[in-house]
Every structure is written in structure tokens, then in C-alpha cells.
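See the structures that follow.
One chain, chain A, appears in both complexes that follow, with chain B as partner in the first and chain C in the second.
Right, the complex of A and B next:
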């Protein structure tokens, strides 16, 4: 590109200018939906006050391989453009090659922090397509697993959120150590139930594969009580901590109208004061048999998102404990044990959508069945609607005007999981 | 699955659409932006759930064979069906009504982008453009989002040869 001398003088084009942190930049450049990401900064910034910085794709606080191209004026962000695709594995293409039974262990790796949720979401859609019922005992097991998984996912979030703030809480990464200790207890529970710590492959079309082993319910209630008590410790640790409050209160405020327009759901939306939770509004599994108290905060900032997630953990512990006390007897799967991958067949080729409330928001699955006789055990098209992708769309609106250190805190508070964004 | 009555009334009365019980109405490309704006602004469907393109490869017609006794099968053009779904979030009634609609695009032609109505459609339309190759006209930033910028073809097309090696990634 040409140098400063031959660059067109920006003011003569009728460009409107504004000032960000003392630097004159065109208004057009600040638009969050600016079409040209490869803009030549020199054209806009002849004095050379702005700098482009790539945060990621290998950056410890982007929670995966997210790349954010930041246009900086010193420490202040002028513009942020996220780039995805570094973890694209073609899950949807794989779904067109595998049968309904074989897909479950593949989608485990999407949202790798809460695999139970992925399995539940995709199997609920397949059950609708295939027309399979789910026995009541299986619905209870699913709900219990989902709630324990939600606690585990939020615990991981809380730990890494502490790391994002530079170990601001209690020095070093101490909250990270604490939350991982408790998360390990929950993973042990899943190991007892399914044989795996992650990537369980326990849900299947029509029910579950693994029944609750003897003594598991009592152990789970005990573990959930321990985790609930430790949550009080974290609250003492974090909530009134001056450093934590200074880093989170008033940082990354999200306007509820913008959040809804961008398709953001889950704790991020609820922390902006929108009272939506699919567990209560559109009950699935066993949620129609239990009340869900939805945690709301109207702050909209990082601290509000912390408050909402901690309240959700408490609520999940309550739900799981209550359900564990009354798991009904009966079969755990309505279909016969699957011996052949092609045993489960779609009955029609219509589009099916079903959604659950994952720890990150509305996790949906869109499936079109294949009506060809020899292909009827394989989806024609499968799409996963991931909440994290919509949350990342917020970055161009959230970052401008903030410090880099605040961007990292704001990004951490959104809790995106790149495996789910890129699929 | 039953659709919300006011959305059904809007589609049948103002736009003259037929409602499919499973998949919602089929909209024409000329009407879709108008319908989307009416759904959002008048009926409060503010939350965008998904846009999915489903590609159907061309099927050659099969003539009737009297010796074998098979019937003629009509051919299908190369086309893409674009499914949309929106959700109504309301704080007081706690309803989460959803409404779905779809349209058919001959492959290679463009369909209007809805990202001007719902901001949430922006990246999902980019993803469908990237993976299925549906062109959304007047999208502010229609670039590839998942695949590398110089990737040949659209992987989720049904006629995409998955065994072909793509330099230098495979």
C-alpha cells in the first residue's frame, strides 16, 4: 500500500470524523458492522497514533482459539473485530455421514465444558424426529446430570474468570485451585455413573445408557452439599473483595435490547435483567415436575454476570438434590439396546428444532431427516445453534472505549467456548 | 407444534401464505424482509434463533419403465431451502412462542439478508454462506467465517466431494 504522502486525504472525501481518546478517527471506522476488515489503517490514521493488535488465536484469556483484531489508541480499544474458525472441525458435515446413534459421542466435543448438555440437546431433537418416548426415570437422570453439569461448568467459569483478572482474587490463581477441587468431585460423580470423566456418551435416542448405580444418589447428595458449602466460602472470598469489585462493577455493561437483538441468551441475558429461562418457560426432560427459580440481575455488568451464575449454581444444587431424592423406578430407555448403528430410523423428512438451556444459553439442534430408504438412519442436515457464537457477536459493541485489561475481563465474563462456536 | 395465532393470522391475512403445521409458511424472496419486519416490530418476535440452509442437489427425472413396471419420478432442480426461526421473549407473560418460516432459493441466486432486521442473523448468515453457499444480498459483511478465506467450494453442499484432497490442508 502507498505511503502517507500518496494516501488520499481523508477529510476531502466528505468523511465524518470523531475523536476517541484524543485521536481523530472516521465515524465509519467505528461502526461495529464495518464490512472491510482489511482496512489500511494508514488511510484513516495518517499521524500513526493507532495500532493494530491481534489478541489470539493463541492467547490465554480468550478461552480457546479466538482471534480478536483490536485497533488500539494506547491502552484504549477503538475497534474490535473477532475472527472465528480456528477450531472448525466440520461436526455438521460429520453428522451427515454418521447415524443417529453414532453422533452422540461426536457432539460431546462441541461444548467441551458441559458435554452432558450437548448430548441432551441433540438427542432431544433426534427423539422428536424418530418419534421415541423417553421413560420418566430417564428424564429424571437427564435432568440431574444436566444440573450437576451446570454447576461444574459454572465452577470452571469462576476459576478461569479469576485467572482472567490476573489472579486478582487472593493473589495468584487461588480461586481457580478452589473451584477445580470442587469440580473434580462432580466429575468423579459422572465417572461413577458413566465410566468417563468427560465425553460421556451416556444419552442415547430414547433414554440413557447408564442406570444409576447403587449408592450413587446418596453420594451425589453428599457431594452437592459439600459444593454448596464451598460456594459460601467463595462468596466470602470474592463478593466483598475490593479488587474483584473494582475490576468487575460497571465493566462491560450490556444493554438488554441489544443483547436480545443479537440473539444472546442464558446467564449473560439474565444478568441484563431479561427474565428468560427455557427450563421454566419451555420445560423439557423433568423440569415440568419441579419449580425453577430463575436468577435475574439488572446490573448488566461483569459483576451481575458473576452474581447470576453463582445464584444459578445454588439453584442447580437445589434442583439436583430434590430430584435425587425421588428418582422413579422403571426402564431407562424406551428403545431396545442398540446393536447396529442403523437401528434408529427417521420417520419423515421434516425440519425439527428443539432447544435446551445450556450453561451458556439456548443450545438448539435443527435436524432434517433423510427419507431415502437406504439413508434413513442418517440425518440429511444437522445444525447446532450455539449460544457462544451469538455472545461473541457482542464484542464489536462491547470493546470500544475500554482498556485491554477490561476487555479481557469482559470477554471472560461472557464465557464463550470456542469448540461450540466453531463446531 | 402449534404456531402462535397472531403470527398465523399475519401470514395468512396480510401475506396470503399457507401454513405448514411442521415447518411454518413458505415465503417468497420478495416478501421475506417485509414479513420479518412485521414479525419483529408488530408482533414482538425480537429474538432470532437460527437460519439454516439445506441444500438439495439436482435430481434427474426418471422415465417410466413398462418392462420393469416402475413409475416416472419427476426431477428436482438444484435448490436450497432456507429455514428461519424467531422467538418472542416477553417479561410479563413468560411466553417463549417461536415462529418458523422458510423460503426456496435456486442455487446460485441470492436471497435478501435479514441481518438488517435482527442483528443476530449476521454471523449465522455468514456461516450459511460459508458452509452451504447461500448468497444473502445486502448483507453488510458476507465473508467466510469458519473455513479459510481461500477455501474452494462450500462443504455442506450435498454435491461437495468430501474425498477430494484440498491443498494444502489434506
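Right, the complex of A and C next:
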């Protein structure tokens, strides 16, 4: 595979490594002192003339309705506190009222940039709970959908990251419009497959609802090739751009030990040099049948996160293309077509955790089955562990000492999706 | 075209050139939106009128109908004064720019200084708006504008000094006359001329608050910077001032470095001035839709560490050049 630059880092690339909590991390990113996010404001400067700035919930660059309370000394942030909950919709509570087959379209709206991942995550947990197995063809379709969705999600991230740096009326807007052009092609693929452009409701307990239509695989391979070629254009447009580098290199450096402590996962963690990817480490769906080259970078800054995400897009295109060439024949769902909401039942009140690697990190689902016999089609508890929420815990550490421009860029590089944060 | 009475001349010319500039500025917004649309795979304005040509008119009518909101805690006098003042500052620089032989409002003997100082004055209403809005984003934007202006003003003036030295006059008409016959200061003296032009161009991007130096307005960071609290036509005036500033800066750049109305051979005239200045204008658009924004401290670092020494070197070089020739 060409163009893939960050294979699992060998020990001889000049980076010093150490082990923190059993995980190998680059030494240079470990900082001896971290800012105290719980600092009392009187301790900073009792006579200081600090300004409180509520950035959000209505702000162009907080990626939805995140509110960050910033204490500013001039334009330099002293303390930052993220406030969540402006998009809370009670999804987890709603899951306790709906049956296993009804929940899928609800969780579609969690991570509204990659709905396929939500469906996959929650249905994998339900399958584990009710003991349904998934046919091989369905696992292939799931993996292909997940990888195409990952490309689409990272494309959206690249576009909005451009917006954060260049503004909607400017060069950032140009990147945005171009990444959306490619994302449109991917959404068209999903429309052909599922009939929906966004909230698909295609995964179900035991498999998929929609089979691959005739000619779809060839079309998808063609589209992925186009997207892969255009990624090179973005690289020309963005990576070699001096302003882009000036704004991202060395900005928002994340300490890997802190990131592990806070439960960060996904590209943000991998950009800090931690080689963790659930697709390779705990293969699910069809990932055990294909090699996943995990992209990591030892920069730890916003530019490293960009590099990792672009490498992941290339890797996803490769995986999807390879899988599309060999989709096995067979059924796409192990259960009979569901006629009634209560068709799928969990016999035991056991607790299950299963996780997938979503574009933002470890998207986990914790489900407890209901012990009451009449309630056996409804989960007792359904907790969604969303990577975006964990990533926001970094803000109090990232913001102090930076000015507003860098805060916006650092926040954008974390790629939080507020629908997933608040659920 | 000249009138004997300077008052009559100034009035007639002011009416003609001012209105033409305003019309061009209004349509430059249409042009920029079309241009940006082409760069971004979309048609741009295309609904109002043929090719969306009536879009600027529709925009102005819409802005005029908007409710005029003044924040309760705002300093009302300064708040209301700031938008017209920005337009005033931007438009006054036009007074000393000749667009064709004789087509000038007031041919001052310190014309270039007047044009640049009027451009620099525009930072005061911007800062005023930021202060008077009683909004934190606006305040930060105003402060950024002030910090930015002291950084780019010096290299801007230094780069404008090069044609002044070469033409031996502050009068813009004289500077253009010295370039007639293809002797453009952007290309002669070779090397330093184009460097001075580039320096002037980049500093004028900062002066007109255009990307990559639109730091006071930075809509992804400061919502809309100084114009956050402004609605309706007051907001429209800020936009108008920005485009007017850009347009007049490209006129000034054309007269200083690109020979003004000098055409190929003996074909001098207004049309060449228009072609050249609109090309510079379009170049500014092109940059805007291709690049991202610098951070405030990065702009200052560039201005003080790179532009300022370069400007000084260019001034020294042009002085030596004139001395030697």
C-alpha cells in the first residue's frame, strides 16, 4: 500500500519509548508538569483582571453546542471548563423503554457523523447478549460499511477543521466544500445500499437488513478510488500549506500518559504515539480476516492528529476495497425477519460490554438484560461509552496558556461530536 | 477632465468617482461570491436576476429592512458612529488616487501619505466599535485590530517609500507619470521592485482585514469580531468598508507599482487602470479563498521580524539605486 506513512513505529525511528501502564508511549511527549484543571481562580492572581468568556453553546466553532467557560488573561486562557448537556436527549433512558429491535434507529442519532458505527456498536452488544451469531456475509457488509463511514466521518472532520482555522468565508470554506463533495459520493453509496442517506437503520440483531444490490460493489470500488485520489489533492492543498503547518504544528500537544488516564481512544490517542486500535487488538465483524495497519504518529499535536486521520482514511479505503472484492455468498441475517418489536428476547439478566473502533475511538455499549420474563425484549440498562465525551476531558489541560485561536484549533482537532457526548 | 474652480472640480469628481467606486464595490461582492462559488464547486449567487446579478441590490434591501439592535449596555454614541466612520476612512483615501490623467479628486502634493494615513485611521472606528459594543468577542476583535495595525503599518509605509524615492515625489500623479512607458516600479529596478510590490500587497491584506490576516474579524474564533453586535445596515457598512478598503488599496497598489493608466505602447487610459486594479483585486479574492488565517502573534512575528527588515533594506536599496543612476 502506498502513501501510508505511519505503520506501527519501529524502535529505530529516533523516538525514545517508555512504558506507561503497560502501554508503550513516546518519551518526549510525557510532560513533567500538567496544568491543574481544578485551579482556584484566586490562586492565579488575586488582583488579576481576568475576563470570563463563555464560548458557546452558540459559537461557530464549538462543533455543536459545547460550552467552554474560559478565564482569559488578555487573550491567553488561564482556565477552561467544558459544560456539557445542551444536546441531552435521554437516549439511554429511552433504550430502557424500547425493545432490542427498536433501539437501532434511536442510537443512529448519537454520533450523527457516523451513524453506521452507532448501529454496529449497539447491535454487536445485543447479539452478544441474546447469543445471536452473525453470518459471514453480513459481517463483511458491516465491515465495509464501517470503513466507508470512517472515510466519510474523517472527511467531515477535515472540512470542519479547515473551517476552524480559516473561517467559513475563506480558505477553510474551500476545504469544507471539497471534502463534502467526496462525502456526498459516499452517502450516495449508502443510499443505494440502505435507501437512506444518513440514519440508515440497516444493522439489526443477527445481521443486516439490506443486502448489497447488484453492481454496488463495483460502484463502491470506483468511488473509493476517486476519494483516494482526491485525498492526494487535499494533501497538496493542506499539508504543504505553510499557514496550516504554522497553525497546527506544536499546538495542543497531548501527553499520552494523561490521555490514557482520561480514557482517550481513537485517532487522538494514536496521534500521541499509543498504538491501540480495537480493529486489530479485539477483532470484531470481519476484521479478523484482514490485516489492519494502524496509523500512529509521535507528534502529539494537531498536525499529528491530521496525519493520523488522513492515514486512517487511506487505510479504510484499502480495507473496504479489499473486502468488496471478496464478499462471500450466504444469508445476511441469522434471525428470521422481525415482524414484531418483541421478537428478539434476552433470556438472562446478564451484563455485556462490547466495543468497536469508531472514527473517534472506542465506542462501547454496556447492556444489562432484563430478568423479568415479560420484559425480556427490553434492556434493563443500556449505557453507551462514547469516545467524544472522554476527549472533552482534555480541554482543561489543553487550553491553559494558549490563546483563543489555538483553543479553537485544538478543540477542532479532537473531533468531538456533541450528539454523542450528551446522548 | 478638469474644472478651474478646485471646489467644483472636487465636488464633481468626488460624486463621479465615489459613486463608481461604491458601485464597483457592491458588484465586487457579487464577483467574489461567484468566484468563490467556482472555486468551491458551486454556482454562487444565481437566483436573483440573470447570473445572480441583482444579488447585491437584494442584499442591501434586505439589510435595510433588518431590525436595528443596539445592546442595552452599549455606548450608544460610539456604537452608532463607528460604522459610518469606517466607510468614511476607507472612502477618503480615494480622494488622492488618480484613475486616469486628470481624473482625480484632489491632487495633493503629499497624496500617498494622505492615502496611507486615511487607511491607517480606519483602525480607530474598528477599535471604537469593539469597545462600544460591550461584547467580549467584539472587544477582543478591537484589541486585535489595534495590535495588528501597529505591526503592519510600518512595513506598509516602508514599501510605499520605494516608489516615492524612485519617482522623487509624494504626489501619486507624479509617481504614475514616472512609470509611463512601461517603466513600472514593480519590475524596475528588477528584483527589489517586485519585492516592494509583494510587501505592499501583503501589508494591504492586513490593512483591509483580509485572509490570511483577517485576525480582528476571525469569525471561527471571535464569532464576527468587532461587528458581532451590529445588525442591519450598520453591519452592512462594515462589510462595505472592508470591500471599499480592499478596492482602494488595489487602486493605490496599481498606481504605485503597476504604472497606473500606463498601457502597452501609447494606449494609455482609464481602461488599463481598471484592468490592472481589478486584477489585483481578484488576486486578493483568490488568496482569501485559498488560505487559512494566521494567528495574531504569528502575524506580528512576520511583520516585525521579516517585513520590517525587508522594508528597510528595500528603502536603502532604492535610495542607492537613485543615487547611482
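Definition applied: the second predicted complex is superposed on the first by the 370 of 423 C-alpha atoms of A that agree within 3 Å, B and C clash if a C-alpha of one lies under 4 Å from a C-alpha of the other, contacts with A are read in each partner's own complex, and residues count from 1 in each chain.
In this section, a contact is a pair of C-beta atoms (placed from the backbone, for glycine too) under 8 Å apart; a residue touches a chain by one contact, two chains touch by 3 or more.
Here the structure is a predicted model, which means the values were calculated and not measured.
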Do chain B and chain C fit side by side on chain A in the superposed arrangement, or is it a clash? fit
Looking at A:174, would you say it contacts chain B, chain C, both, or neither? Reply first, second, both or neither. second
In the superposed arrangement, which partner chain does A:282 touch: chain B (first), chain C (second), both, or neither? first
I'd like to know which partner A:75 touches here: chain B for first, chain C for second, both or neither. second
State whether A:353 touches chain B only (first), chain C only (second), both chains, or neither. first
May I ask you to name which of chain B and chain C touches more residues of chain A? B
Applying the document's definition of touch, where does A:113 land relative to chain B and chain C: first, second, both, or neither? neither
Once the two structures sit on chain A together, report how near the CA atoms of chain B get to those of chain C, whole Å. 25
Any idea which chain A residues touch chain C in the complex? 51, 53, 59-61, 75, 162-174, 177-178, 181, 241, 243-244, 246-247, 403-406, 408
Spell out the residues on chain B that touch chain A in their complex, using ranges where they run on. 22-23, 46-50, 52, 54-55, 83, 85, 89, 91, 94-96, 98, 100, 102, 118-124, 127, 131, 140-141, 143-148, 155-156, 162
Name, in rising order, each residue of chain A that touches chain B in their complex. 33-35, 37, 84-85, 88, 90, 92-93, 96-97, 258, 260-265, 274-276, 278, 280-282, 350-351, 353, 355, 362, 364, 366, 368, 380-381, 383, 385, 389-390, 392-393, 422-423
The chain C residues in contact with chain A across the complex are 36, 39-42, 136-137, 140, 143-144, 211-212, 214, 218-223, 288-298
